[in-house]
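Consider the two complexes below, in which subunit A is the common component and subunit B and subunit C are the respective partners.
After this line comes the complex of A and B, so read on.
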């Protein structure tokens, strides 16, 4: 088992962290464009029994 | 005798013409107000069309880049001939729509697929995740018990892979252990057409029991788990892109139609407006002439 899975991450978290680091370490002329692709606005609300279960939160 | 009746008749005629005149003046004003509002609507729909045309061009370009993600993931399941395990009836449906309306039947189509499925027997094992407020609004009324999560703030900006990974994480951590599932999305075909399609979701057990998994080399359960997580995110990403592209193209068509209809309405209203104005002028002339004739 890999170290990141032991730490409680799944592959999606792992790869998104890797992508973040890669984008940050680009040369300045490419970085601005790449950082735009990093943004995310989706909000996810869990539902239970036909109602929103918790207040909408910015999922990590 | 005539002299005796004349004053009464005169006042009556005057009253009627006054009444008619005020009514006609009002309609004239009403028509011009209506005309103005329809013209404004046409301006709005036209500019909405221009905006969505620009957004559509970008969405289509993005879609081309995103296509390998989704197709690659779907290919894996097809090549390995993964089938859903029958002993696990739990299913998950993901409705890919967006927050924004005025785009034809985009969202209704996706929601309808799920609604029809939920109306069939065995629906109690189905859970739904609504991506976008529109599918939530449609499914909420009758099937709110089936919804496990709702994602919104979709459609304002082009979807990114980060959005898709958030969604995938939410699906994996929502606590619902599904045996199989489907992502329902609008597949973009051309500027004027899109179609509801689906991509399959499987549990890890189903993948491990797939008959032709051996065509792939060096797979252990750890690799499969990682790949399944990643493929879920990339399929969602692809579905988001397809959805965004079809939405923009269909909004473009819808707004084009709306502008055309507004144009027709403007034509008709202008015609009525001119006719009414002419009628008012004619009547006023008649009144003046007949008044002048009466004085002679």
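After this line comes the complex of A and C, so read on.
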């Protein structure tokens, strides 16, 4: 078993690390555009009894 | 009134005559349909090619037409495509999957893919040394594993970019 599997990572985690490194290793003219794909934003609002139970949290 | 309606109906029916579907682009003997795409770009969409070499976790392997159906997980590295006109294209893939189907069509789906010409050796070396220092200073097992992946990928990019 590979070391990252042993550490509790899965292939999705592996893939995102690999993609991130590749984006950083591009020629400057392609890099700026590629780095925009690094970030992702998810807003989570927990609900209880049909109402939002807490304010929206910004997840990474 | 009824006659007019019948005439309209007949006219409509003649418009709906079905023909044969346009023939799919023919794949010649000794070639296979390749789809190679990533989150950032579609490189090939069912294009006839002669051979494809891919790096995978079950080892790097070459695919020729009539290859046995296969599924594999991509390893970061260079995919080489031998196009039908004899040209070779080298594309670096970060990760993803490769599928070889019974009809010899091949799908390579990557998270991120770029032609090797777009890689920057010095940027890759920078990423490599950053990953190495992160590996040495990693606090927990998970961070260490992530840094180890980064080192592995950066090493491959440096190799491919030279």
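Observations on the structure shown:
Here is the rule we use: the second predicted complex is superposed on the first by the 42 of 60 C-alpha atoms of A that agree within 3 Å, B and C clash if a C-alpha of one lies under 4 Å from a C-alpha of the other, contacts with A are read in each partner's own complex, and residues count from 1 in each chain.
Following the convention adopted for this analysis, a contact is a pair of C-beta atoms (placed from the backbone, for glycine too) under 8 Å apart; a residue touches a chain by one contact, two chains touch by 3 or more.
Here the structure is a predicted model, which means the values were calculated and not measured.
Of the two partner chains placed by superposition, only subunit B is touched by A:46; subunit C is not.
Contact with both subunit B and subunit C is seen for A:15 once the two complexes are overlaid on the shared chain. Once chain A of one complex is fitted onto chain A of the other, the partner contacts of A:7 are limited to subunit C, with no touch recorded for subunit B. In the superposition on chain A, A:23 makes contact with subunit C only, while subunit B stays out of contact range. Contacts of A:31 after superposition on the shared chain: subunit C is touched, whereas subunit B is not.
Counting contacts as defined above, subunit A residues 11, 13, 15-16, 19, 37 meet subunit B in one complex and subunit C in the other. Within the complex, the subunit A residues that touch subunit C are 3-4, 6-9, 11, 13-28, 30-31, 34, 37.
The part of subunit B that touches subunit A in the complex is made up of residues 140, 144-145, 147-154, 156-157, 160-163, 165-170, 172, 174, 222, 225-227, 229-230, 232-233.
Those residues of subunit C that touch subunit A in the shared complex are 39-40, 73, 76, 92, 94-96, 111-112, 114, 118-120, 123-124, 127, 131, 141-142, 144-146, 148-150, 153-154, 157, 161.
Interface of subunit A with subunit B (complex): residues 1-2, 5, 10-13, 15-16, 19, 37-52, 56, 59-60.
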